[in-house]
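Chains here go by letter, A, B, C and D, matching the order in which they are written, and residues are numbered from 1 within each.
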């Protein structure tokens, strides 16, 4: 297929590589030049303006956040000259509110829109093992399924209203944060009795909590090492804020999200914004008077 | 070995059966008579007074809570005539505070004490697949290890201070409650956007959260069925209260425990005490105005 | 003085009346026509465009929220043709973030800006008894002090950075919400023991809590009547959201704000958006299984 | 009247002085001797055993907490030989649960019991200006009313079930804690924008929050001085724990109590147990990275 790709961050780069590997033609656009050069080196074609990426069979975008999506897609009028029938796959983790606006905007321009945020970090993206949460018109998803298959291990479909995929993605990130915070509090408590985080979490992940999320973050907490970050704490706060807002949008209180938010803010207040968000464990220790 | 066993509830019954199966001699005591008859039918020997169970090589007790342990072990002076050197294995989930008292009490009577609370429900106990969290003097644990091997799949040792095992057990139950509550809130939020709990949790347990705890409780929440209870909600509140108190004992705030506690109380206020504690999901729905 | 006034809601109307009473000349602008007619009837002069209000010695604006301020002041370019040296007094309760943007915007246009949000409901505004929280350049505040004196009983100055006044106003509204929520929880608890909210609150407001805020809201809670609303619950949620954001802006967790936010959302989920925000008391009752 | 008085702490001492001043005969008992000597110097009569205080027309007790009440009244069998018809006035702040037990215990012994916890610190007790929260049989309260009048400025009656007075007292202390915590959070937030706690609280207590509780604690927070303590932080935690338990007793969630509890624990973890509980303000500052 002939596809455009917008947003060549650490995730987008690997996605483009996998699309090329699968035999697709990829036109790439990125705000800064370096990542474009890197993609071109892999066989992608450079385009100078966003609008040129919105052409061909489909365009995928993997932008950082709401602001980037607004700047690139909405303000630069990426959609303005897009051919009717083009499918736009938005891979970014954005707010449900923006997702709802995008639905209306795409409809205006006669473009099919698919929300397809992903679970997985850059190494998972490189291995084409992402889990993709997709929503949008079934026919549109069907058309881009070969593209999704090229970058992920499985596509989980959530019906034809695109914002649902964004809500699900935010719910998932919230669950991850809750898992980290609960490990942090549990470790702080047993620590008061002389049990190491490592001993507690080896038990828990060896039994009831033997799942990827727990294994990943338990290892960080057990070793008390939060650099290099797999997912930066201040980005975690951004996602919790979006989950909160998603809850507000449907008048749903999420008290654990409030707890996590306060802890993330406290971590930032102590200079840990750039650490992995497993550094929530430091907050729990500090509150208990056992500051690391 | 020649062992006493005190407390023949749904867990204790299976433990006795497995001890007998492994070839041990078991003297049993229980407050009510029915469970004793059942154990005797399997080959156990009945004793009339608690003190008679505290004899032989070791005694195991599996009592319901702090009050039962106080009533049976402390007030009925189970330890009073126990032979020096006897090992008492306390399998119950009790408060760290009571565990600390028991250490002193056992020391006074020259009895070795091992705290060995377990993870696993009755069906796991029947299959002798419990995970046992043990702490106490290493030599004492070594001596009862054959007994622990007869009832569990693995013994996780946490050093020679018995109360540590209780702290770890409470931390584990807290983590389970936090997992349930986070699923409940996530499901309530996506529900507002038309995504079913079932669809969300199938994704999460199929990927990042593929762990026994999540699989078990996601199934209950997805089907919105909380009867028959695997673990009753009001017992969950009791354990969260103990985790709270364990945190207080070492001045460790546990804000998620507070959130869970409030939600459990709210469930009880609405008549759901006897449901499985996965009924926290109903609380999240009710708060969002989507009462089941 | 010769002043413009923008925003003739229930607060603005009384402010204009008091400015006129004090002998000032007032040019008025409002999005809808009715309120303008009413002000003209009192002696004000109608202007057709916002920009015409931004003239003379000073302009005061009393708009509903961030969106209204953006729409009227920023987007309609109220400031574009304003004479250098004009003082703009922003009386609205807005976010600290927008207040910071406005500082930059005013500086660009060479206009002095004073933030002067007020405490007091419409009846207080009518009586010219508002408490005014002012910040901005001292010379600018000095110049408009006669205007502030005409509408309020006292001006509390918070230095020369305008956004400080907005932070203080939001902190105050947060404190009010916390007071309501604490009364709600206390009343729910004693209610379980058969003590009426009325009896509890008569004691508390008759002794330690004999303050306007407690007296006002205790009366509503004691009578369980939340209509007509003095301050609508959904506007309360908006202000708590702004307080939250103000906290985030300086990495300051505000856990009570989180509790209040969840309770307000829950009230809205049960259809109480348009009630007075003292209806938080209904949420506390409902959670305790004693739904009104 | 001929009365006994048990418990001569800093509150009890002043109460006895005021009872003597009003012309009553007072037999005093205290665990330690010093306070008894001091009371005797004022005209009281010493008794050697608690039971001797439980004689005459009435006995008042002002003990520190549940443990002291259990030790002195329950375990030492203060009630055992008390004359039928004696009225026992329990002035202490105790748990609702213990209050309920005491009702049954008094009934067994044919003694009338009145719960009468008080609001006011030692200086208020000295001035005989306490606010007394009384519950119990009306005839019993009527009989001791002259005694209550001698020590307090007003008796607020809450019906004939004694534990109600204890629930109300705990609700009041909870409201005080909530007021402190909300000032702490508000001050931390505006502090981030350069506004001093002092400036914020001068405004708030000068307007909407002009009440004794706010004035008292705002002064401590504004000056950032928490010694000498008016009410020690760890005693505050004890009372919040009792309020929590009172809520649990009637399945009433109290989320703000959870927030306050966590903050008090955190203060204790940082060595502030003996400070005034207004030191909650230090916790809010520390969380925001502005540790004092």
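Going forward, a contact is a pair of C-beta atoms (placed from the backbone, for glycine too) under 8 Å apart; a residue touches a chain by one contact, two chains touch by 3 or more.
Nothing here was measured: the structure is a model prediction, and the numbers come from that model.
A.B. asks: What are the chains that chain A and chain D both touch?
C.D. replies: Touching chain A and chain D alike, sorted by label: B, C.
A.B. asks: Could you compare the number of C-beta pairs in contact for C-D with that for B-C and name the larger?
C.D. replies: Here the pair linked by more C-beta pairs in contact is C-D.
A.B. asks: Computing the C-alpha centre of each chain, which chain sits at the greatest distance from chain A?
C.D. replies: For chain A, the chain whose C-alpha mean is farthest off is D.
A.B. asks: Averaged over CA atoms, how far is the centre of chain C from the centre of chain D? Could you give it in whole Å?
C.D. replies: Here chain C and chain D have centroids separated by 37 Å.
A.B. asks: So what's the Cα centroid distance for chain B and chain C, whole Å?
C.D. replies: 52
A.B. asks: Give me the residue numbers in chain B that touch at least two other chains, ranges are fine.
C.D. replies: 247, 251-255, 259, 262-263, 265-266, 269, 287-289
A.B. asks: Quick check: in the complex, which residue numbers of chain D touch chain B?
C.D. replies: Listed in rising order, the residues are 241, 247-248, 251-255, 258-259, 261-263, 265-266, 268-269.
A.B. asks: Inside the complex, what are the residues of chain A that reach chain B?
C.D. replies: Checking each residue of chain A against chain B gives 96, 119, 131, 133, 156, 158-159, 161, 163-164, 167-168, 170-172, 174-176, 178-179, 181-183, 185-195, 199-200, 202-204, 206-214, 243, 246-247, 249-257, 259, 262-263, 284, 287-289.
A.B. asks: For chain B, which residues count as touching chain C in their complex?
C.D. replies: 255, 262, 265-266, 269-271, 287-290
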